[in-house]
Every structure is written in C-alpha cells, then in structure tokens.
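Okay, got some structures for you below.
Paired with subunit B in one complex and with subunit C in the other, subunit A is shared by the two complexes that follow.
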Partner chain A sequence: MFPELNNLLNITPDRAEQGKLTLLCDAKTDGSFLVHHFLSFYLKANCKVCFVALIQSFSHYNIVGQKLGVSLTSARERGQLVFLEGLKSSVDVFFQANEEPHPLQFLREANPGNLQPLFEFVREALKPEENGEAAWRCPVLLVDDLSLLLSLGVGAVAVLDFVHYCRATVCWELKGNMVVLVHDSGDAEDEENDILLNGLSHQSHLILRTEGLATGFCRDVHGQLRILWRRPSQPTAPRDRSLTYQYKIQDKSVSFFAKGMSPAVL
Partner chain B sequence: MVGGIMNAPPLSPGGGGLWAMTPSGGARGDTGRKSEMMDSLLGLGGLMLLRDSVEWEGRSLLKALIKKSALSGEQVHILGCEVSEEEFREGFDSDINNRLVYHDFFRDPLNWSKTGETLPGGPLGALTAMCKRTDPGPVTIALDSLSWLLLHLPCTTLCQTLHALSHQNSCPSDSSPVGQVRVLGLLHEELHGPGPVGALSSLAQTEVALGGTMSQTSAHILCRRPRQRPTHQTQWFCILPDFSLDLQEGPPVDSPPHPDPHTLRVDPTTHLTFNLHLSKEEREARDSLTLPFQFSSEKQQALLRPGPGQATSHIFYEPDTYDDLDQEDPDDDLDI
Partner chain C sequence: MAAAATCGTGAGSTASVASAASKSKVTSFQRRGPRASGTDSGGLRLVSIAGTRPSVRNGQLLVSTGLPALDQLLGGGLAVGTVLLIEEDKYNIYSPLLFKYFLAEGIISGHTLLVASAKEDPADILQELPAPLLDDNCKKELDEDVCNHKTPESNVKMKIAWRYQLLPKMEQIGPVSSSRFGHYYDISKRIPQELIEASNWHGFFLPEKRSSPLKVESCSLTHGYLKLLQFIQNIIYEEGFDGSNPQKKKKNILRIGIQNLGSPLWGDDICCTENCDNSHSLTKFLYLLRGLLRTSLSACIITMPTHLIQNKAIIARVTNLSDTVVGLESFIGSERETNPLYKDYHGLIHIRQIPRLNNLICDESDVKDLAFKLKRKLFTIERLHLPPDLSDTVSRSSKQDLAESAKLLGPGCGMMAGGKKHLDF
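Right, the complex of A and B next:
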C-alpha cells in the first residue's frame, strides 16, 4: 500500500470506511498499481479479502505484494485471502466434471447469460464464519478487472447485475467494501464498455481515475490521478469533491504531487 | 447571495395558484418567486425526468422533491433498484419516512438469491400494481432509477407502463375519483442512447437536467404544459443535509476570478512558436503541391519518351595534354 495515497484519500488500515464501492478506472495508462495498493491495504487492515483476479497470475500479485509488505501465500494459508485465479481456473471449466457450476461457467456457454455462478462464489467466499467468532474485520471484494469479462463475451448489463448483487451482499448485507477496476478505452465506438463504466460510476462512492498525460509519455510524471467522491457521507464543499494529482510510480511506492509540481520540474 | 432557505411549507395538493414562472433566462426574482421552482416542479402531474450525470448526481434532488411531496401530506411510493432501503431513507425524519413506501428491488431484483422475497411480477408488476390503487388523493411515485429499468426492460414496455401510470387520473374509465399522480424518474443520461432518452423525454411533462460549475449545482428545467409554450428555466441550488433545497440567485460570481488550481485546464497548444493549424487557403496550397519524390504518370511519360536530341547524340572525347594513353591492347594477354 502507498501511504501517500492513503493520505490523499484520508484513510488508514485502522479506520477504513465500510459499505463503499470504489471504482478504479484507467485511461491510456496502466492503473493496476491501484489494485496492488488496495489489495495490500485491506490485507494489512485485517479484512477478509476475496480477490477475483482475471488478468494476472497468483505469483505476479504475490511478488508485487511482497514488495508492498504483504505475503499473499501466507494470507491464503491462514484463510484471509480467497483467490480466484482466472488464468488457471478457466482451464478447469473445460476439463473438470460438470457436477457443480464453476465460477467461470459462462466461458462454456455460447451466449453467456449471467454471472450468477461467479456471484455465488463471491458470496460463499465472504460468508461470515459459522462458529461465530469474527476473525476478520470486514469482507472485501476486489476484481481485476471487469472489462475483461466484456472481452470474454459477457454483456455489460450482465456485468452490472453481477456488481449490483455483489454490492447488495458485500457492501450492504455484510457491511464490507468493494474495489473494481475497469478500463476506459476512450473509444466512443465501444458502447458496451461505456455502459459498464458509466453504470459503475453511478453505483460507486469513490472513483479513482488514472489517466496518461495528454502531452504523452514522460519519464518523471507517469500520469495523473483524479479522485471524485460521490455521495459523501457528510456534505462537504463541492470544491473538495474532486481532486487531481500527478504521480510517479517508483520501485516500492508511488509519489503524488500537485499538477505541474513534479520535483523533476521544479 | 444565498437566498431564502426553503423550509418546505405544505403545498396544497396539485399546487394550483403557484404556477407563475419566470420566463426563460433564469430565476432572479425575490425570495417568494424563487421558492416557486419546487412548487412549479411539483405542481405539475405526469412524468418528471431527472437527468443526472456521474459528476452531478441527481438522487439528492430526487430525495429533496420526495421530502417536499411527503411534507404536503402525499403518499410516496419508491421503486428502489439502485440503493438499499436504509441508504435511501437515511437523512429523512421519521414522519417523512412513515409516508414512504419502499418497493425494494435492490436486494434481489433477478431472484438469484431465491429467498422468495422478490416481489412478484418484477418491477413492472409493481408499477402496474401502483396503477390500480384505490386511495384518493395525490400520489408521488419515484423511480430510482429509470436507467436500471431501461437496461432490463424493453423501452416500449416501459414507456407504455409509464404512460399508463402518469395518465391514470385523466382516464375516465375509473369511477373512483383519484387524485393527481406524479412520477419522478431518475435517469442516468450517459447510459442510454439518444433513442430511449428521446422516447422518455417526449413522455415527460417536466425535464430537469443537472449540471453545474465547480462549487454549485444547477438545474435546467424544461416544462411542457398543455396548450402552452414550453418554458426553460435555470436554477442554482445546493442541497442541505436534511434534503431541503437552498436556492441561489445565480452562478457563483467568485468562481471565475479564483478557479480551482487543481482543475484549471491548460491548453498546451495555446502559446506555440509554430503553427499547428492551417487556414483553408494554406490547406489547398499544401494539397496542390507535388513533392519531388512523388511519382506521377506525367513524370513517368517524360522519362519513358525519348527526348528529341537523344537518337543523334554522340560522345566527343578530346584527350587532355597530360592524359596517359595506353597504347597497348588491353586484351593482349587474353590470347584470343
């Protein structure tokens, strides 16, 4: 996790807000550092995490996690982390006996209807423990990323329904949090992705949007991060609802600075 | 600068008599006239579209209008598809909450959980059930949101249901005198193409499009009354934590001199030492120019056609004084 980002968002692992949906969105840049941030943040916050990782392998996230000070292997062993490795288990869909619906069952269907099996997986993973004793603070669902589901043939409305159900279960029923990543293709012709992105934006409480610089690649400024608080819990001045910073990704951290205030420029 | 805070006086059902509205160009009247925004909005029956965007969310305005309706003693039905009942009721007093009937389509709209708590007939069934109400008196029906319904139902079905819902008071077949029905529909504009939005807006009596500048929200209101010209109005407001409206006179005057440093957009193409754009003549001149490396058919012909003096040309060679001319036959050693 990146302490500077925590400062910007005014959160710490000790007092994370509950019942919130955070939308991560990247346009013309790679926003996955935010996924790594929230993964390590919630593991450090002692939350039960269900991570639907469709883009990268477990070892990739584990290596980045180790740089940020968390071990995904041990978190998985002690039951804190439930990891759905999309790259591996997509193969299981085809080669396993078909007795119970696989979370990624939609891969087998000619016309992927809905993502109910994936939702059932999430609900099962984050279900409160039977023996009453709450070992973990609050459940958290992370998805990296939802745009991939569109590429796999699922419709935007089906993905929105999946998020809706996860929101009703994780955010509302279990008072947990959700963090999902969606790419902004910036392409007006990709209607499905636009519906998904806008629909999610309307559902979310906080939007973190990373963008590449309009002027192109730069060695010292990797992009800018726009923070938009929707539905603030206490009414704040609208001026504070939206903030924009530029950032530079370093080996183990990310530094944020006001626009045009890169140390390399000053 | 800040206008009178509306403490939402009870409004007579139907809101008759309060319909005087400022002509297009904005409400800059006295306090009494400014409070007409809500009255005139709620005075009309029929469908009212609240068009919001990601940046300017419209649910708080919807809740403000619901509060106003509830305070005037109306029954309010809410078809909730996007937020939980708790979240929707948050911020209302108990006497307002008592007047709200929340039809919950948030928890299990598609019956995935199979808890049996799903309302039969789905959201459309709930809407048609609302059509068949018997209690007299005006009713407000809030749809949170129309976008969810549009994504899950065919546009024509939804439009027909909305039409039946908002025009039932003018339907003479029902013998019991039912009061006015107004339908408030929240529509997330970016999610739909121009077709469905156009269909809904042609059904709507009133349209409110939300927008704003950095620090204040504005509502652009379009009212269509029967046999009258549509009126346009822009109203600046902000919504207080208890969901009452704080109406304001106009766009904040302090914002242009002190724009937010974080959001100031600098156009990188303004102060350039070279010209990025071409005028029409310059573009034509550029297009008509043939570059030296371009191979055209004329050039090809010119190269292929032998020139006039080419057949009779000769090479004249005059040896120089210091030229070392070899007298030997260079092919001597070849032994031919």
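Right, the complex of A and C next:
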C-alpha cells in the first residue's frame, strides 16, 4: 500500500471502513497501481480478500505485492486470500467441456445471460466461518477488471446485475468492502462501457479516477488522480467532496502532490 | 528472504529458470536469482535459452523482435508470454516487414516458429524472410552448425593472450543458434534455405483447415479463430512449452506469428460493418490466447488491420487485451508524402502501449515522435527530425501550411519557423 495515498484517503489498515464500494477508473492511462494498493492494504488490514483477477497472472500480483510488503502466496496458503486467476482457468474452461459449473463458464456460451456462477464463487469464498469465530476482519471483494467482461461477450446489464448481487451480499449482508476497476474508453464511444461506468459511478461511495495529463506525456508527472467521496444513500446530502492530485509512480511507491507542485518543477 | 532478490542489479547473462516441478507449471515470468524457498525438485538449473536475456529492470525474460531499434524502444525486447500487436499501415506494406523480422530472429536464435495466416501459405512466408547480416565469427559458427560438423579445434595458437586458450569453448545450444541478442537483417536478400530447413516450424494456413465437428458447442468464436486456438494449444502442449514435459532437456521459446488477424479472410466481419453480429469473437480470441501465452514460454506477434475496423470501441478493447501495441502510419497516399517536412521518412511509428509486468512502472521511452524509413537493406527507426530551414526569406503565406503540419508532430519536436523551402543556386 502507498502511505501517501492512505493519508489522502484518510484511512489506515487499523480503521478500515465497512460496507463501501470503491470504483477505480482509468482514462487513457494505466490505473492498475491502485489495484495493487488496495490489495496490499486489505491484506495488511487482516481482511479476507477474494480477488477476481482476470487480466494478469498470479505471479504478476505476487511480485508487485512483495515490493509493497505482502506475500500473496502465504496469504493464499493461510486462507486469507482467495484468488481466481482468470487467464489460467480460461483455457481449461474453454477447451474441456466439464459438466460442473465453473465461475468462468460464460466463456463457453455465445451470449452469456448472466454471471451467476461467478457470483456463487464469490459468495462461497467470502462466506463467514461456520464455527463462529472470525479469524479475519471484514470480507473484501476485488475485481480487476470489469471492462474485460464486456469484451468477453457479457452484456453491460449482466455485469451491473453481478455487481448489484455482490454489493448486496458483500457490502450489506457481510459488512465488507468492494473495489472494482473499470476502464474509461473516453472518445472511443464504447456504449456498453459507458453504461457500466455510469451505473457504477452512481452506486459507489468512493471514486478514484486516474487520467493522463491534458498536456501529454511527462516524465516526472505520470498522471492525475481525482478522488470523489459520495454518499449514494442520501442523495440530498451536502455536496460531495472532491480532490485532485498529481502523481508519479516509482519502483516501490507512488508519490502524490498537489497540481503543479511536482518536485521536478519546484 | 525472497524479497531480497530484487531487480536493479546489473543484468546477468543467464536467466534462472526453475525446473518444472510437478506441482507448479512453468510460467513465463521467472525471477532472477535463486528462490529462497528451494523446495522444487532438483533445485534450480541455470539454463540460458538461446536468444533471450533477462530484463535489466526486473529480470523478466525478453526476446528480440528482430529490430534492435524497436527492442530498445520497448524497453529491451519483447517479454516472453506477451503479445506484440502491430497496427498495420494503410496498404500493408511495412507491417509484413516487422512480421518477417520477428520470424527471422526466431530462426537465427533457434526458436520454434508457428506461423498462421489466412492469406499466404506459411511456407511461402518463410521463404521470403530476410537474410541475416552476420559478422565473420557468427557466420563461421552458423555454417559449421548447419553442416552438422563438430566445431573443429581452433588450430591457431594464441600468442599473446595464451591464457585464454585454456578456457573451455562456449557450447552452442541447438543446431542453429547465435549467442547474440538481436541481429540485423538484409532485406534485399533471402534467408538461406539451409537455415529454414534446420529450423523447427509449424504452419497454419486457414484455407487448408476444413471444418470438422467441433467439440465445443456453439460459442461466439469464429471458426477460423477456434481452429487457430486449438492448433496453438496443441503445439504448446505437445512440444512442452508449458512445462508439461519435464523430461525435455533444453528449454526453447515458441514464437507465434499471426498475420492480418481480424481481416475478413479469417471469417470475421468487424472490418466490414460497424454493428457486427460477432463483435466479441476477436476479443475473446485475444483473451484466450493471452491465457495460453502466460502459461508457456512463448511470444506472439499479431498484425491487425485496425484502420479497417469500423467500431472504435473494438480497437480500444483490443488494445487493452494486448500487451505491447505498436502502430505504423505510412505516408503513402496521404498529403504528407509530398510534405517537405517528411521527405526523409516513409512513415511514423507510434508506440501506443508498453506493458507493466511484475512492476508498477515500465520503461517508457521519452521520444514520442518516431519515424521509420525503409532503406535498400535496412528498416530503420529514428527520432523524427525536422529538416533545416535553409530559405533566405520567411514568407507569411507558406508559414501557415507548415505550421499546420508541424502541429501534428506533438510536443516532442520544437516548432520550426515556417518558410518556403527553396534553395537558390
């Protein structure tokens, strides 16, 4: 996790909030560093994490996680982390037509209607222990990334349904958190993606939006991060709070600074 | 601590590859340096695969794309297990060159090739590969290996550096291999026939594959993509690139080349209409291909006619599903062909995306304005330079035209004072 980002968001691993949906959105840049941040944050906060990783392999997250101070292999071994590796299981699901349901079995279908097997997998992974004693704090669902499901043939409405079911289970019933990543296609006119993004923006409590700089590529400032706190349950609440920072990604951390205050310029 | 073996130390000449344990499959992402938890059977064998080298940044195994200039722009080379997507130029003149460089590099390094095309027979593609430009030492080694002779003892006694005589000679791995990373090619000549015959290659020519009863019931993959995916999976499994055959003594890389993916010849209609029925076919294929590549020692180059794809959303999705994306924009047929700014070049090359693998950052080049030029023997990529302004007077009217074209160059180049470019002699 990045300590500077924790300060900006005003959270620490000891006092993690509960029942929140966080939306990570990147436009014309790569926002995956936020996924690594939240993964290591929740593992350090002693939460049970279910990670649906569709876009990269396990070793990628593991190696970056080790730079950030968590070991995914040991977390998986002691049961704190349930990892669904999309890339590895997709080939098995596609070529071997088994009868038993698999969370990714929508790959076999031409027009998948819904993501119910995936939801069942998540619910199974995060259900509380039967013996009553909670070894971990709140459960957390992490999805990287939802836009990929649109590329695999799932409709935007089906993805929104899946998020809704997960929210009802994870956020409301189990008092856990959800973090999802969606790409913003910008001017690429991806209607399904826009539906998904707008729908999620209205449901989420915290939106972290990374964008490239409007002036183009810069070596010292990699992009801009907009943080938006929302309260979807109270639409008439006072104005949502929003902050904008610029960031530079380094080897093991990310440094944030106010706009125009990059150390390279000062 | 396993975390102590971090990147940043100088690049070693060997990549450490864990021997395929029965529990874990061989992934294409390997750590440099020994693992602390050495519970794998047999420990580690320091085997270097010919034609690869570990990345300086994080020890990621890299292969050369065949163009050393492009390797440098991509941060050292193409990572094993990833896809290099080439967005074809408008008339498909220069992208086949990059495709052939990639395959030729595979032959010289001794890698296995898999060539897939719906337009040309893979055997014909291999005949047209460029010949390598080798210095005399490498040429002697290649000639000897190809003739299957044992390397003769050097009968030239060293007089001055006689201590080096006692050192053992370097073993060549594989029948045809060169220990260098990245070679130069001469596109005016064809690759020697012996090199092609000595190499191990598989071809996939779509018109030859008749439809057979499909095991997977109707899914949204086009027939051509489905056959290709099954073919690739077969080769990876049978030849053990995914570590499923631990008895194989030496590891090798599989280089996959797919030409004109997405064109109507593959049975896909995304290049024909905007609202196509099967718009997910290509993206699903790319996702499954990515899954196959990540769990095997292979690298893939795909050329795609993205300028024909009507739906921009699909291009964005395809870019997100590929790791490295390079776009070619040739000047042929556009008004830039006659523009004096670009008279030294044949087109622009855009590095649209570089992956961040096992890392938070990637080696992005600072130079964003790159142009390529096809000389008689070489394909060169260089930074776009504006020609010097040699005119005596600066007239206002022509300044407007040049300012328009210079605006498209991007923030990398400085603005040139416009003027009618004429030389008075």
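What we mean here is this: the second predicted complex is superposed on the first by the 253 of 266 C-alpha atoms of A that agree within 3 Å, B and C clash if a C-alpha of one lies under 4 Å from a C-alpha of the other, contacts with A are read in each partner's own complex, and residues count from 1 in each chain.
One rule holds for everything that comes next: a contact is a pair of C-beta atoms (placed from the backbone, for glycine too) under 8 Å apart; a residue touches a chain by one contact, two chains touch by 3 or more.
Since we're looking at a predicted model, the values are computed, not measured.
Legend: residue contacts after superposition of the two complexes on their common chain; A:215 is shown touching both subunit B and subunit C. Within the superposed three-chain model, A:88 lies in touch with subunit C and out of touch with subunit B [touch as defined at top]. By the touch criterion defined above, A:17 lies against neither subunit B nor subunit C after alignment on the C-alpha atoms of chain A.
Shared-chain residue A:251: touches subunit C; no touch with subunit B.
Put subunit B and subunit C next to each other and count what each touches on subunit A; the higher total goes to C. Once chain A of one complex is fitted onto chain A of the other, the partner contacts of A:4 are absent, as it touches neither subunit B nor subunit C.
By the touch criterion defined above, A:63 reaches subunit C but does not reach subunit B. In the superposition on chain A, contact of A:148 is made with subunit C only, not with subunit B. When both complexes are aligned on chain A by C-alpha atoms, subunit A residues 191, 215 touch subunit B in the first and subunit C in the second. The residues of subunit A lying in touch with subunit C in their complex are 30, 32-33, 36, 57, 59-60, 63-64, 66-67, 71, 86-88, 90-91, 94-95, 97, 107-111, 147-148, 150-153, 183, 185, 187-193, 215-217, 219, 249-252, 254.
If you check the complex, the residues on subunit A that touch subunit B are 114, 116, 119, 157, 160-161, 164-165, 168, 172, 191, 194-195, 198-199, 201-203, 207, 214-215, 228, 230-231, 234-235, 237-239, 242-245, 258-259. Taken in their complex, subunit C has these residues touching subunit A: 2-3, 6, 8, 27, 29, 31, 58, 215-220, 230, 233, 280, 283-284, 287-288, 290-292, 294-295, 312-313, 315-317, 320-321, 356-361, 364, 366, 368, 410-411.
Taken in their complex, subunit B has these residues touching subunit A: 54-55, 57, 59, 82, 84, 86-87, 106-110, 112, 145, 147, 151-152, 188, 190-191, 193, 212, 214-217, 238-241, 260-263, 268.
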